[in-house]
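Next, two complexes with chain A in common: one pairs it with chain B, the other with chain C.
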Partner chain A sequence: MIPYDFEYYRPASIAETVRLFWVLDHQGKSPVYYSGGTEIITLARLHLIKTGAVIDIKHIPECRALGFEQNRLVLGAALSLTKLEEANPFPLLSKTSSGVADRTARNKITLGGNLCGQIFYREAALPFLLADSQAVIAGRDGIQRRSVHDVFNGGLRLGKGEFLVQLLTERSYSGLPYVSVKKRKQWETGYPLITVSALRKEERLRVAFSGLCPFPFRSAELEEDLNRRHVPLETRIDQAVRRLPAPLLNDIEGSSEYRIFVLRNLLAEVMEEMEGR
Partner chain B sequence: MRQTPHARMGLHLNINGEEKTVTVRPADTLLDVLREHLGLTGSKPGCLNGDCGACTVIVGDLPMKSCLMLAVEAADHKIITIEGLKNTPIQKAFIEKFAFQCGYCTPGFIMNAHALISRHPQAGYETVKEWLASNICRCTGYREIEEAVMSCLRKPEMERTPKGS
Partner chain C sequence: MQTIGKSVYRKEAPDKVTGAAKYAADFQKPGMLYAKLVISPYAHARIKDIDISEARNMPGVRAVLTGQQAPLVGEEIRDRPPIAFGKVRYHGEPVAVVVADTPFQSQTAAERIRIAYEPLPVVNTPADAIRKDAPLVHENLEQYEKGVMTYSEPNTNIANRIKIRKGNPAKGFLESDVVVENRISFSPSDHAAMETRCCIAEIAADGVVTITTSSQAPFMVKKILSDAFGIEAGKIVVHTPLVGGAYGGKSSVQWEIICYLASKAAGGRPVKLYYTREEDMLTAPGHVGLDATVKLGCTKDGKLLAAEIVYLFDSGAYADKSPDLNRAGAVDCTGPYHIEHIRCDSLSVYTNHPYPAPFRGFAHSEVLFAFERTMDKLAARLRMDPLELRRKNAIVPGHTTPTRVLLNKSNIGNLPRCLERLRELMDWEEGTLIRLSDRKVRAKGISCIWKTSTINTNASSGVILLVNPDGSINLMSGVVEIGTGTKTVLAQIVAEKLQMDVSRIHVRMEVDTQTTPEHWKTVGSRGTFMAGRAALAAADDLIRQLKDMASRVLRCSPDDLEVGGERVFLRDDPKTSVSVKDIAYGYTYPDGNAIGGQIIGRGNYILRRMTYLDPETGAGVPGPEWTVGAQGVVVEYDRRDHTYQIIKAVSVIDIGKVLNAKAAEGQVIGAMSMGLSFAGRETFEIDRNGIVRNPQLRIYRPLRFGEHPEYIVDFVETPQLDAPYGARGVGEHGLLGMPAALANSLSLAAGTDLNRLPLIPEMIWRAKEGVSHDSV
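== the complex of A and B ==
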C-alpha cells in the first residue's frame, strides 16, 4: 500500500498537461508525470518518491502514436512495451525491450516510462541511440525536437515540467542488421547485468550499452576502436574497454571487474555475429 | 481533464462482469481495492514489487500485476480476477496435472495462463515459457504448471514441446 495520498489527473492534450503541471507545482504538490507508473508505484510504496499529484499522460493522443509518417517512425511515449513488440515496427527495439522485466510487467511498462525512469538500465534507449533518433519534448516553451544524444547524455536531460511525448526514427533504421544481447547473472529471469545492442549502417558498426554505467550510453570513440577491422578483434576489444565512461557499476548484481569480464565476451560474440553477416 | 480529490473518491469498476462502486484513495493500487474494499482476496499480495505475479488479474484482455496498477487506472476497463473464472480449461488442467503445491501463486499463474490461452490459443513452447516467466512459484512446481498450460493449447503454430524433451 502506498503510505501517503496524492491526487490523480488524466489530461487529454499536451497543452493541458503542461499547464496542469505548473498549476500543481505552484500549489506545492511536486507533481510527477505518470505513464505506466510501475516505478512510481514501487518507489512510492517504499517512500522513495514523494509527490502530491500524478499526471497520467496515457490519454494524450500524441503519446499513443504508433506508425510511420512519411519516412519516419513515430512512437508515443505512453505505448506499452508489449504493444511495441507485437506491432514490431522497429525489430531492434522489440528485441531489446523484450528483455525488460517480464511479459506481464511489460503490458504496463511504457516506452517513456522505461526511458525516463530512475532505474538505471533503461534498455529501451539503446535502439534510439543507435538510430540517432529525435525526442519530441513538451514543456512550457512548447513542443521541441531534440536529438536523443542530447536528451540521454549521461542521464536524462529534461527540464522541470518537461515530458517526453514521442520518439522519431528514420524508417531506414528499422531494416538494418542488428544484434541485441542481454546477460543476467542468474538464470533467464534474474535481474539484468549488461545489455549490448549493435546495429550496422553503411558497413560501420554502432554499439550501445546498458548496465555498465548508471546510464545507457553510446560512445563515438569506442565505436571507432571497434570498427578498425584491420586490427585483431581481441585488440579492438581491449582498446574499446579502455574507452568506457566512468563510473562503472559495482553492485550486488556484479562487481565492476565482473561486468568488464562479461562485456569482453559479449563484445566478441556481438562483433563476430555482426561482422560475419 | 479528469481530476480526483486529494483524499477519497468514488470509483466505478467493472469486475467479473459486475459493476462495483467503491470509495478509494487515488493512491490505492488495484490490488488494495480488490482485497480490502471488495473482499476479492483471490489475488494474492506477494512481493508487492511486480516481481512475483501472485497478484495477476486480467484488465481488458491482458494480464496485469495488480500491485503495479492504480485502481483509478482500471476504471475504463473490464477486470477479471480469479473469482471470475468458473471451470475454465486452465483451472481443470491445474487439477489434472497437479500444478500446485502450497497454492499461493496459483491464482496469479491461472490468470496469466488464461489470458495467454485466450489471446494465443495455438501458442508454441517459447511463447508459453516467456509468459510464464512473469510468475514465481516458490514451491518450484514449474514443470506441472507448464504441462497444465500446454495441455490447454491447440495443436501448434510452431513447436509444442521444449527442445531436447
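== the complex of A and C ==
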C-alpha cells in the first residue's frame, strides 16, 4: 500500500506536461514524472518517494517514438525495456537492458524510468554513453538536445521540471562490435555487482560501467589507458583501475575490494573478446 | 483398485491453478478493522517513552496498544511480551499496534507514534553471546516458565543446553590415528514463503474467540491463547484455510496473539493483521543461524571412533522453538554414522537477532553442514574417497544413535544402499574433480542425511470419516494443507484401505479447531505418518461398522464380509452384496423399518514409547524412526573469478514406501532447491548494530526459475513397519544435505575449505585470498 494520497495526471503533449509540472509544483504537490511506475510503487510504500502528484508521460507521442529518422535512431523515454529488446534496433542496448530486473518487471520498466530513477544502477545509460548519444530534454525553456555525457555521466543532471523525451543515436553505432557483461553477487538475479558495456569504434575501445559507483560512468582517461595496445594487458588494467572515481560502492552486494577484483577479471574478459575480434 | 504409489493429483489443485484458492488474507468480514504494527528500528534498546497521543486522535483509530509486563508468551520458554515491554531485543520487534477502520488509517496513525529509545550494547553472534562479559538479552531468565527438557542457565545468554554423553570420548580420541577439527558458521535467514503471515481475530459477545490464520499449528494457537490469557479452550476456534508456503515458519505462534490483543482492545470486533514482506521477514520468526565446532577422530583406515561437538544455535531475541531446535540438533548431532564415543553440547543462545521458527529440516541441514564438512576434511586428511569414508561408517541396524537408541530394520532405512545408488547416479567412478578448461573445473560433493522428528512425546493425530448418502466419504483431519499434498495422500491411504476410487474421497481442506480432530502440528514430516495411522484406524472403524450393518442385511457373520468398490460382499461369493450407499445412513427394510444411522469412522494415533532425554547424558528415545539418504551436487567452477553454476543435484532417500510418486518427487525437488538457495545465496545481512539490511525480496533473493540445476531424485524402499504402508517422512529430507554437499563440491573445486554460508563468490574469494571478512 502506498500510505498517502496523490493525484494522477496523463497529459498528451510535451507542452502540457511541462505546464502541469509547474502548476502542480506551485500548488506545493512536489510532482514527479511517472513512466513505468515500478520504482515509484516500490519506494513510495516505504516513504522513500513522497509526492502529491504523478505525471504520466507514457501518452506523449514523442516519448513512444521508436525508429530511424535519417541516420539517427530515435528512442522514446516511455518505451518499455522489453519493447526495446523485441524491436532490437540497438543490440548493445538490448543486451545491457535485458539484465535489468526480470521479464515481468521489464514489461513495465521504461527506458526513461531506468535512466532517471532513484535506483542508481541505470544500466540502460551505458550504451548511450558509449555511442555519444544526444538526450532530448523538455523543460520550461522548451525542448533541448544535450549530450548524454552532460546528463547521465556520473550523477543524473536534469534541472527541476525537466524530463527526458528521447535519446538520439547515430545509426552507425548499432552495427559496431560490442560486449556487455553483468556480474551479480550470485547467479542470474539481482542488481549488478558490476555491469560493463564496451564498444569498438575505429579500433578504439570504449567502456562504461554501472555498479562500481552510485552512478553509471564512462571515463576518457580510463579508456586512454586501456587503448595503449603496446602495453601488456595486465599493466593496462592496473592503470585503468587507478582511474576509478572514489569512493567505490561498499554494500550488501559486495565490498569495494571485491568489486575491484571482479572488475579486473571483467576488463580482462572484455579486452580479450574485443581485441581478439 | 490400487491407489498407493500412483501420482494422484492434489485435491486442491483445481482451486490453486485457477486462482480460486483462498488464503487467510482473502477473507473479509463486515465491520472488520485493520491492525498495523510499529516495529523496532533497533536490535537492542531501552524504550524510554512512547507517545501515542497524536495517533490515538487520528481519524478512524479505534485503539492503540503498547506492551504490558504480562502475560509473557513463548512455546518452550515464556520469555516474550507479545508487544515489547521495557526494551526491544531485535530489529523488527513489535512495539505498538494501531487498530483503525481502514488499512490506510492504521498505517498513517502508526507513523505518528513517537518512541524514544536508548540503544543498548548488541549481542551479535552466538560466540559473542557466551562470552563471560556479554550483555544479557534477558536479565530475568530464571523467572521464566519453561517446558520439559529446557535447561536454561540464568545470568547468561544460554536459553537451553542439551548434553550428549555417549561412551568415553577421551579414550576414543586417544585411540584415534587421525583427528580433525572444523568450525562453521552462518547467520539467520528467512523462509520467504510466498504468502506473508496474516490473521483475523474476533471475540464474540459470548466470549468465543475466532481466529483465522496462516498457520501450521492451529491447535497450538488455541493452546497458547488459552494458557496465556486464561480463555477456556472450548471458546477458542482457530480456522486455517490453505497456507501459501510455511516451511516451519508458520508453526510459531506470534501474529495470532497480537491480533487477538488488537481485537480485544477494539471491543472484540474483527481485526485483520496482515504482515508486509518486511514485517514477515523481520518481525515474524525466521531461520536459525549457527556457529559450530566439530572434532572427529578415526583410525588410519577411516573408522570413526570419537566425536566432540559444540553447536551454538542463534536463538535470537526469544526462545520460542529454539530449545527444541538445539535438542533436535543434539539427538542427530553426528550425521548417520556409527560412533561409539560422543560428547556434544548443543546450545540455544540469546542474541539480538530476529528469533527463529522451525525451518524445513528442523536443525538438521544446519547440523549436517557442520558435520559433513568435517567428514570431507577427514577424508582429505586420510586421502580417502569421501564416499568410501561414509560407506564405511554408515549407521545400520544393530548400531546405536547418539541418544543410544538401538536401531533395527524398521526404525532406520538403508543408508549403504542409498550411497551405492548415489555413486551410480553421480558417475562417481569418473572422478570427483574434472578439469574442463584452463579456468573451469567440474567438482562433485556429497552428504549423507538422516532425521528423526523430535516432536512432543505425546503428540497425537485424529481423523474422522463420514459416509455420504452416495457411498462416497468425507475425510477430516487436522493436518493443514501447506502445499505438501498431505491431505491427498491421506485420501489415497483411505481409498486403498477401503478399496475404492480416490476421487470418491472428499477431503476437507480447511481446519477449524472446533470440529476438526486435532493433529498436533503440521510439522516434521509427520503428517503422513501420524495422520496416516489415524486415517487407517478410522478406515478400520468404518469397515467394522459397514460389516456390522451389512451382516444384518445379508444375514451372515461380519467375519465373512469384505469391503471394496463401495460394496460390502461375501468373501466367497462377491455377488451377494450390499452397496455402501444403501447402508451409509442405516438400512431401511422393505416394510419401512430402519436400523443404524449415518456411519462415522473415527481413528487416532499417538506417538508411542518416546521418552524424555536424560538431562546429563541425553539418553532416551527422541523420535519414532530415522529417514536416511545420500545426496550430491555437481558444480562447474571458474577458478579465475570464483563464480560457479550448480549443474546437477541428486537425492537418494529411503522413503520406506512411495505413496504418491510425483508428490514425493516434488517434495524432494522443492526441498533440494530450498537447500541450495539457503546454501548459495540466502542470508540476512546483519550489520554491527544488529540491523538486518535486506528485509526485502529485491535484495534478499531466493533461487528463481532459470537458476535451477538438473534435479535427480531416486528412492530406496525399506519399510517402516509401523507406518502406513511402510512410508517414512520425506517432506524435509531433500533439503538436509544440500548445504554440505554444495560446500563440499566447492571446497574441492576451489582447493580451500569453505565453512561459511552462503557460498557466494565473494566469500570463496575471501577464503582463497585469505582476505578477512571486513563486515561492511
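We take it that the second predicted complex is superposed on the first by the 275 of 277 C-alpha atoms of A that agree within 3 Å, B and C clash if a C-alpha of one lies under 4 Å from a C-alpha of the other, contacts with A are read in each partner's own complex, and residues count from 1 in each chain.
In this text, a residue touches a chain if its C-beta (ideal position, glycine included) is under 8 Å from a C-beta of that chain, and two chains touch if they have at least 3 such contacts.
Given the structure is predicted, the values throughout are model-derived calculations rather than measurements.
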{"item": "Partner chain in contact with A:E7 - chain B first, chain C second, else both or neither", "value": "first"}
{"item": "Chain B versus chain C as contact partner of A:T42, first or second or both or neither", "value": "both"}
{"item": "Contacts of A:N107 with chain B and chain C, given as first, second, both or neither", "value": "first"}
{"item": "Which of chain B and chain C A:D56 touches, first, second, both or neither", "value": "first"}
{"item": "First (chain B), second (chain C), both or neither touched by A:P192", "value": "neither"}
{"item": "Which of chain B and chain C A:G161 touches, first, second, both or neither", "value": "neither"}
{"item": "Chain A residues touched - chain C or chain B, whichever exceeds", "value": "B"}
{"item": "Which of chain B and chain C A:F261 touches, first, second, both or neither", "value": "second"}
{"item": "Partner chain in contact with A:G211 - chain B first, chain C second, else both or neither", "value": "neither"}
{"item": "Contacts on chain A seen with chain B and repeated with chain C across the two complexes", "value": "1, 4, 42, 102, 188-189"}
{"item": "Touching residues (chain side chain A, partner chain C) in the complex", "value": "1, 3-4, 42, 102, 183, 185-191, 250-252, 254-255, 257-258, 261-262, 265"}
{"item": "For the chain C and chain A complex, residues of the former touching the latter", "value": "103-104, 107-108, 111, 640-641, 643, 645, 680-681, 685, 693-694, 698-699, 701, 703-704, 706-707, 758, 760-762, 765-766, 771, 774, 776"}
{"item": "Chain B-facing residues of chain A, complex", "value": "1-2, 4-12, 16, 20, 37-38, 41-42, 44-45, 52, 54, 56, 58, 82, 101-105, 107-108, 188-189"}
{"item": "Footprint of chain A on chain B - complex, ascending", "value": "1-7, 25-29, 32, 48-50, 53, 56, 62-65, 67-70, 72-73, 112, 130-131, 133-135"}
